[in-house]
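All remarks here apply to the structure that follows.
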């Protein structure tokens, strides 16, 4: 537990996070940290702690400011702005005990869904998996999806990321035999804005084989997909 | 205005409906009556009133009991149970001043959506239009839709009826150039039940050219489509 | 597909949009682009790509900054700030294969609804149609609507734009025989704010002939109306 | 307080209602009782208690069974089934200390709203006021409202009862100078069913001078209107 | 109709508002204008137009910037920042054809509700009425309400303004015989935030005699109350 | 674990409940069982199992049919229909290891809230506590509450049960110094029906010292209150 | 497509379902049918059609009446009432091309969740998989879960079924390394009733590795789990 | 009542708060003030008023600017930024008539919940109680909670603070015998964001003994807990 540098009041001395340095050993996947709400200094402190242990760590929803602070502190970490990810390798490489077998196909309905999809794909890669990206293949122009569907069918898990009416997972799931993890995004406006319409649509999918994570939760979909891939090793 | 046969209280003598016997002449479409909440006796009275004027009338959401009462009263009216419609022709035939040009394609996602679709198709036909039915062509099995899409493309208006995630209008609208009237249905359960998920999805359609009527409102879609068809004559 | 100039991370090199340069030829209507979320540079790149192909394009929800960037880049495009539209003509003029017959009447309840109505009217015009504007004719002062209704009755499609209680489409639809496309706006506050009250009211319209698009979706109403007008040519 | 005849458990001996026999003297209006949930026996007991004191009482939402039980018990009470009201006069007549000056106009959008409107009108009359009924004058057929508006303008308070999109109060309030009490009804279905769409629309009315009571609360509107009328005496 | 000074696009030349200069003569109350969304220049233009006709006007939700712009333009108008109102008198004084008889009592639950209450009280005064203020008399400290209730009982209309659980109108209505107009405010946070909890509570009031306006709509309550007061003259 | 007598399918032999016979010893409170969904036979089996161990048990939301079945089986259990409770004592009496010190005051706003309040009071008594009942003391008639408040102030915990606008806990909490457990009830209709308005109001209480349990959850309030009382022994 | 035996109206001759007899061959899993809304006669017709092709079929949410009708028609099918499933084997046994490797652990929070869990487990078994049941291990009595967790850890997929606050998947996912499919159930009442609270909680799980299907959708979870298991063969 | 220094309009001279200087004497607890919406000058005025009476006061949700203004004014007050509290002691010390017996255990699910938990703990301490902090012990890593549960069991009241799925109170309540006050926090995003998912989950807790305060209302939980502790003295 890291001591916070915050105010010295009665409640001072509280840590801002309990970090788990032995997570890779215990669960097979490296520790991950949620970026929002953390100051650049806190982010630096976290990456420093992992670096000193030569343990991998992944931060999500990282702002350019947070990433720059970590770089300025001389810490080695790769920033993937498309997915808002900041990743530091450990002694044995990326954030996984072993490479994952199989492939994850990550699809988006539109271009505005890409940040969420990149968060997913990048996290799968941090965990030692392989992610294939198929972006902007939404159902309003079906030819786009049909032109890549043969490739998508080869994946062991499909992650379908979509906002607005959230129809992509339903259509995809009818065309593949792998499980489909649906990620509603907050893309859209008006009635059902903020991803609510998409989330409800995905939960109500008439297609079998679809399960859903929270709105914009590309990271969550990546963990589900990676847990699936890991069983392929057994 | 018809005098109600109800209770003889202080508010007695109120009519249960203001009927419009000159509607066809005025608007081009015959009068329509919403069935729910009306007693079989009230339904008989309504059909008797129109029959005496040899004016067409269409009742929607008609129960078998209501239909039987009208038949038992010796009134001539066709009952279409699949669409829960009861239609009486007038002096000059069905409920329209003139036959409508063009065609309406009525699609459903599943079989449970058919009653709503039949309410739509039957109403279009009452108004003098032509409705082609394409049922159970939902997006979870895309081949079903693709096998009929060339026929659907010939329609002047497409009505897409779907419950659950309500994705059908989005997919269809990307494949046709006609306007698409989306009808969410209350088919489905759980989160967003009662048609809410479908209605939100349809309002959020990423496909252009879609407008939406209320949940289960096959009749409403029929009026919109028929109003469109009527302009084709001009 | 255009290469993004974004970050050079692992996911770098992704395109920010799949543009469709042959849309006019294929669908009769020019390509349209949703402005929000695009940098001025991306907007310039898009308009440059269409200009080099002498193909029309319309951008919606365009900010003055985006419009200025396109103008500063020496690209020819008309900016309509009232409707937040930026339009570039192609080799054969505006964004449509042929002029549309018929007329669209665009009404608003109040003055705050005008930007949405102008988005609609301007888009119809980009697609080669004719839009007549009747603004600030809301139901709280009925004389305003009644004074223009004879003109509105001549339209082939009516688009009724309103926020708050969203009653305009119901009243209008009872007075005309054309289909009415209702556009709820986010004008209003308190219970049902953000257009929710208006959208629900419009879906529940007691008047026949009304269909609804998403909140503030003037563009969507324009496409529905234009698809209707196009059938008039047949 | 009346002892309940209910179960003889530990909590036995509780009263099912605290009745207020001096309400007319104190507030000017007679006591009222909400019918639902009361057994016919309880209803009889209540009317008996008031009869023995020769004090007026009004029960709302009364079923035919409850009304019949009171009649069978030989108690004098008028049943108005259209408004589901059961009223017993007191020593000095109806349920008010004095007749109310002025008039209440009670309007409905459709025929299905009439039970709520009759509950309102009948309650106003019980309180000694005058209620004029204008039913089925909804906004989808504006001529119906316009044909009675000159009469409505003479009222001191207008109660506008409507379901579905709930637009009637907005239109009416723009045409009169009296305060308008809006009563949303649960008439309608689909999105915003159960009166929610109407209630939200009424709260968001763009017309000045409208206040709203709960869905189907014709009684509540009557009390508001009667309180207004009573000030006219001062 | 005033010509807007906005952009000179195709839709240029639209007015930003239809002003009603003969409102006082027609309805007895002066014209009112909703401030939000109007530029300081537009506000100046509006007040100039009324000044030139020596006609009263009231603007609500006015920012200090808007008020200063009007003052800087040399126009005579009183700014009441507590109620965010800007009022200009006409030839015959304030915004009413005649002084209103009777009194309005305006109560608030807490101090945070005061801006809404002042909007109400100030508007009543602009319309020629008398408003008595009783602020911070919420139900959590009942003695505060009970200490002023005898004064409140003298009012002809009571306006009860409250956020959070919105219980004030219920408690007040049980203690007075005048009609109570309830104004929910957006004061509060968490579940039911933004005034939703208060609005629902007020619509569900177990106390008779309460009607409700939209959240934060102090102006709306003032119009309802003023319409009531005006009938007292008859 | 008791074997179910249900169908003999592949999943047959499942138990319908895991009963906890040593709960009193372990937690100080006896086992409780939720009645709904259980057949009369299952209820009998449960009470038989506890009787054979001479261990107390309380069932909630018990129907008369369930209670009669237990009585017909010759099992000793007290049925309190007002609170829908069925209680069997154990070897050492009621369902608690020891009598609880202190008192719980249980208040209701109206008479329709009494079943929930009796569920609470009866459960407290089963757990060995003392419950004082103050029913029908809602805020619309404040004198009712004020006439009992001195007694209520003596309680160690106050449970305030109310539907509709749910204002009772706020008013009470401002008048007492004990913690107030608020129980929203599903009494009411229209907007916020089913207890939603009351629950939101209670969570938003402007009065300090209020915490809330689920709608109609009289049992839950009793457990919270009893846990509080038990600390008084320490 | 099977011809319906329904009414002989204009819309007569429609089929009530498009059945897919080659599904096992194409997707590896047998065809499934949703029971609700089908008459016993329709259910018989469906099972007859599959029997004649010696093809497996599974019906879900089957009522005892439907099951009895199929049995009375002399068709061979196993009814599992605990999971409301009716299953008919095909030429090569159950509803799968091949047995699935690995195991699915199906957990429930309470006993009321069991029907949903049995629907899931039975469907997995129909598809050739192995399901281990751990029922009534909800988080309010943590020892129940901890006593079986070592067995649960051996599963390749965990399905966690829970109503009310829906906390089970979060707690379980922190204790296992397999993917967790969360099934909210409609068990519970009050605020967030009908499974809404559970569904929201599961989507918001703070534990990684959880994805969610619709409320009560045990079948959907089974398909997701079975698709996962099938990849284990590769 | 303090005179506001605000604008000198017609409504000028209103106080911005009614302060209660004798609260400690009357209720046993000192006065508290809600910080948001108050200017630094108003905060200074409040603390000055209490200082002059040597009476304790606690302000919640205090910004650093407000705290600094009070300090700059030379007033003695302790600022606890972790809990956003500003506390001034009175003549007889902190904000309570006497020290409270017993202990409150304050738990959080994650680190982001800490500000709400500190608001609770600090308020308990201001009221003279003892609060033990157990932070970041959420259910996704059960070992964290189990490692402190023996200590938690010693508390007389447990306050469980959690966002996202809000499962902590359910798990804790099954492990302790003290009453559990649940505080949902607005930590989380997507479906059920803003604390709604957590609040619903807590109201639906399957564990007995849980009651709930509003989202982020650490102060409210502290008052409930302190009222409980105070009874221990009796």
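Chains: A, B, C, D, E, F, G and H, in written order; residue numbering restarts at 1 for each.
Simple rule for what comes next: a contact is a pair of C-beta atoms (placed from the backbone, for glycine too) under 8 Å apart; a residue touches a chain by one contact, two chains touch by 3 or more.
Bear in mind the structure is a predicted one, so any value in this text is a computation, not a measurement.
Listed here as common contacts of subunit B and subunit D: C.
Contact with both subunit B and subunit F is made by D, G. Note on connectivity: the fewest steps through touching chains from subunit E to subunit H is 1. Between subunit F and subunit G, two chains of identical sequence, the interface residue sets overlap only in part, with shared numbers making up under half of the total. The greatest centre-to-centre distance from subunit C, using averaged C-alpha positions, is reached by F. Seen from the Cα centre of subunit H, the chain whose own Cα centre is farthest off is B. Centroids built from CA atoms put subunit G at 57 Å from subunit E. We define each chain's centre as the mean of its Cα atoms; on that basis subunit D and subunit H are separated by 45 Å. Subunit D and subunit E have centres, each the mean of its CA atoms, that are 28 Å apart. The set of subunit A residues touching two or more other chains comprises 141, 190-191, 196, 199, 203-205, 208, 214-215.
Pairwise chain contacts present here: A-B, A-C, A-G, A-H, B-C, B-D, B-G, C-D, C-E, D-E, D-F, E-F, E-H, F-G, F-H, G-H [touch as defined]. Residues of subunit G that touch subunit F in their complex: 78-83, 111-112, 114, 118, 121-122, 125, 133, 135-136, 141, 144, 189-191, 193.
By the touch criterion stated above, subunit B contacts subunit D in their complex at residues 6-7, 9-12, 14-18, 20, 37, 184, 186, 194-196, 199, 214-217. Every residue of subunit B that touches subunit C in the complex is listed here, in rising order: 27-28, 32, 102, 156-157, 177-179, 181, 199, 203-205, 208-215, 220-221, 223-224, 227-228, 230-232, 234. For subunit A in complex with subunit B, the residues that touch the partner chain are 109-110, 138-142, 164-167, 170-171, 173-175, 188, 190-192, 196-208.
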